[in-house]
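Structure in structure tokens, see below.
Every chain is named by a letter (A, B, C and D) in the order it is written, and numbering of its residues begins at 1.
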């Protein structure tokens, strides 16, 4: 039996998920909801989905699952609402910008027993997945240090920055999840520092554009995350893990696997420049994993708890960058 | 208006094309024909296509185009038949193993004015395409030397070898087409040499498993093609072009973009091991190009003439490998 | 006129410098001093140098310059002594483990006007030098973030660790110097964290074996240094610099430029495993730069001040790793 | 006991060998001979060697070995002369352009029992050596195909081309030797084709500037050599060997191990542009191997026979390029 999906929100990320659903066997892109009619029509025309209201989707018998791609401040409410409506839920990160609110929301989810998956697409990237499998297979022994380089091609609009909760919550949050996934042990302390090097206006809006974060677990494992809102050469997404027996790294994706050699030297194309082209395969694999978990009645691979923990790490980073001290996660979580 | 396709032949390559059609916007995978019922059913179940006979497809009003994936010795007849039936035709290479038969067939195609595209998927590979664009943009100046390395992971079944016309016609034929495409000038002479190094039984069946070919145009451009029916490390598909101002190369595709470093050194995964995974994007782009050409009423990017020329080069290679002399293409084509 | 050198200390690093001197045109490896006779004889036999006492070298008319490769706790005294003796001085890092002692020593050097160069060999590595030239040429615009990965193949003897002042003073000190060199602006704050992941005995001796350091300048530039006392795959020495217009990186050196492809994948040799083979060219270039500076009567490229600043950064890292807070350099230097 | 060398010929290659001798322990750069006084003086000044006449060197008791770097047409005579004088002889390739003359010369060498090494520096390149060791260790199984890419940065002076015997004798000769070394079996047939693509004047002087050669052994192993007298991106020197269990390749050497990433893409420096910088280590290792062979009274690793065979392959290539047929080596050698 195919699983029928409704996507809430027809913006950029809603379209990404609609395309992912359409490409996954066993998933049907059934309905789209968006107050902006043109956006909803575009998804309808491209994927053959109905346009429906959120209310209608909530009440519909022919919808098995929703993918929440609406603005962040609506996520928690929608999760609670659809949990009570008995739909399986896939929600884009973050659940909310407030750790308290996330906790309350997850309690509702728990009580209803609804399957909830929070979208951390990077875990589903084929290369990052191969890296994780190599670690799990014991090829590098115990993990000692994780190094994540994560840089956007260019900064988002100022309005986004003002509402996003800042770089640690809108950008590093992905890296926090990846770090937790790879360390295999919860983080104990967080140190973060941020600068404004790319655009002074970003600073004026209260955010950083350049940041480094150091995470540490109880056993002493460390992770470094290096972020920038600008990389002239494309969307820079790399991971490197050092273990007792060696290291494993996942490389960037260039626009093409070609190289020109001329009198100036050797030249390869820049990186894929956009998260949608860079992570196409990851978005599809993510939806496939959600479908499989719901069908098999198993826990989704990225849960509400994962969403909570990544958010808590972001909260710790915000505090550390302000204070110049490492922050203990127990002070955030208790 | 969507273009409705029927695929003739539900074997491995038929399935590849069915999948490509299903993934191309504007193309509909409508019908499949195959005398082996299980094969046809598998395609029907996977892509939602009808099972029909070739006769029914020929007569059908709702089929705009056929993709011919039947055994080689049926290609020319089917092309003629569907040309007369007024369907657009995409035919897997080769049109026939005989240059004479190909010529006769193409004459029918010409007379009917049917669009015919011959499947040379490599021209549509995104990396090879990027390489060609770089040449066309003048980045390396005039093309002087082309080097094509093309090695299969392992030999095909003996029965295939016996019917395929041998390594130059079943394997090098792709490289001949790529060489013509990149040289931009017709080949004047062909030298080829073949050995049996992989499996003596291949020699006993009258074929080579290891070959090198040197092509030369009237202006002195050269191309080298290096083939083997076995590469322990995967499906080795590389191109390198030297020009007056530099060189451009297209690299292989590994299973994942990861690298392990340990006490033994640095390790990357082997190459994608199968033409279907290696050239997935190419097969889809090929069908998309066919759809576009038929809709726009322009010549398909790889024509019956291209099929003829690649076959003639293979014929020349067979003769050269037998005689130890370079063969003049005018002796093959006149 | 050739410059005559005496090397003080015939241990491992003394031999490295003797070899460097022997390979530099205009430098003569004239004398060696070491209380261990066998060590001194080995250098004498290999490079044709006299064995002399430190007193004799101090008094000698035919010695223009000394290279101090004795234990760290003798460096400052020897610098003062040879400064007063009017010899040009090249001293291995560090000048001393105490910032106070270094300052006092440098004052003597200043008063005597002696040329003093402190050995930070990495600045002279051809690849790191090429990276620096690219930055200086403006190719990546303003420097925003520096990432230094620096890992030893394996830990040094316990006795070394006990006397060295710990990982930040014996290992990271090189990276501190490289960071200062590349940032082009003095560091304002230092955050460091250390773990014991490689060998518990290192912890028992009061040191870390795994560390990350984050440096920050007044304008917000950041540098991350990642250290480990063990890398199974060799001596890992990489630099990456992000600027407003792009990034530049310097790669590791493998034992050979070869790659094996087999059924398991693609394999390259491990890294050069020892600082002496990895930095052979750097050590020679370093001595050549010293000779040039002394002859031209210009400031050596790495001065006593550089030695002081790197040591002060190490001191800050020690304090930060103990306190969990970032340390302000003004608190160390004032 | 150190071995005293005299170098005959103070041109470019003579200087290369003088420098190699100076850098090899156990070898002493004692004397230089050249009719051009300025050239001889330059070597004398740089390496501290005496200037002597060839006659004086022949008669000298303090010269153990000569390195012949004079014009090609003097090689055979000088070999015979110094063989009779009882000096160990290192001669730059080729011994002579005539197979007959080489044979006569080698007979004199045989009769006198003089150690003679012919300079094929590439076998001593550390990377090519590592590749050979990997083959010898059985890592890729039986060798099936060798691919050698060998391109000069730019063409030599016309006068050189006129005297050199043409591209197959002055350039490919190195590749012929490498092919023989790696195949491990003598070549049976040679096919070669040459074009004039770089400079029409080279054609007017009777030579090619672009060539491909296919070699084949009795057992069916094949080697392809791709040459050009121009590569805009530097001195292109690569080897790739396919075996039954995998492949091994040796990569080029860039000016530095750095990479710039910017909006245009990723950029590495061009290749080392000159045989002297590219093969510095090879020239030193070559002289060291000569010294070791003479001291141990063993056969030098590259003998007069190797010189003869490489020349015979060049002769076959010349004939093949003229006739368009593969040439049997027995027709050249008998």
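To be clear about the criterion, contacts are C-beta pairs under 8 Å (C-beta built on N, C-alpha and C of every residue); 3 or more make two chains touch, one makes a residue touch a chain.
Quick caveat, the model's predicted, so the values are computed rather than measured.
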| item | value |
| --- | --- |
| Chain pair showing more contacts of the two, C-D and A-C | A-C |
| Chain located farthest away, centre of chain B as origin (C-alpha) | C |
| Whole-Å gap between the CA centroids of chain A and chain C | 41 |
| Interchain centroid distance [CA atoms averaged], chain A/chain D, Å | 57 |
| Overlap residues in chain A, where contacts from two or more other chains coincide | 231-233, 245-247, 261-263, 269 |
| Chain A residues touching chain B - in the complex, by the definition given at the top | 126-127, 129-131, 134, 139-140, 245-253, 255-263, 269 |
| Chain A - residues contacting chain C, complex | 142, 144-145, 147, 149, 151, 189, 191, 193, 195-198, 210, 212, 214, 216, 219-222, 224, 226, 228, 230-233, 236, 242, 244-247, 324-326 |
| Footprint of chain D on chain A - complex, ascending | 231-234, 254, 261-270 |
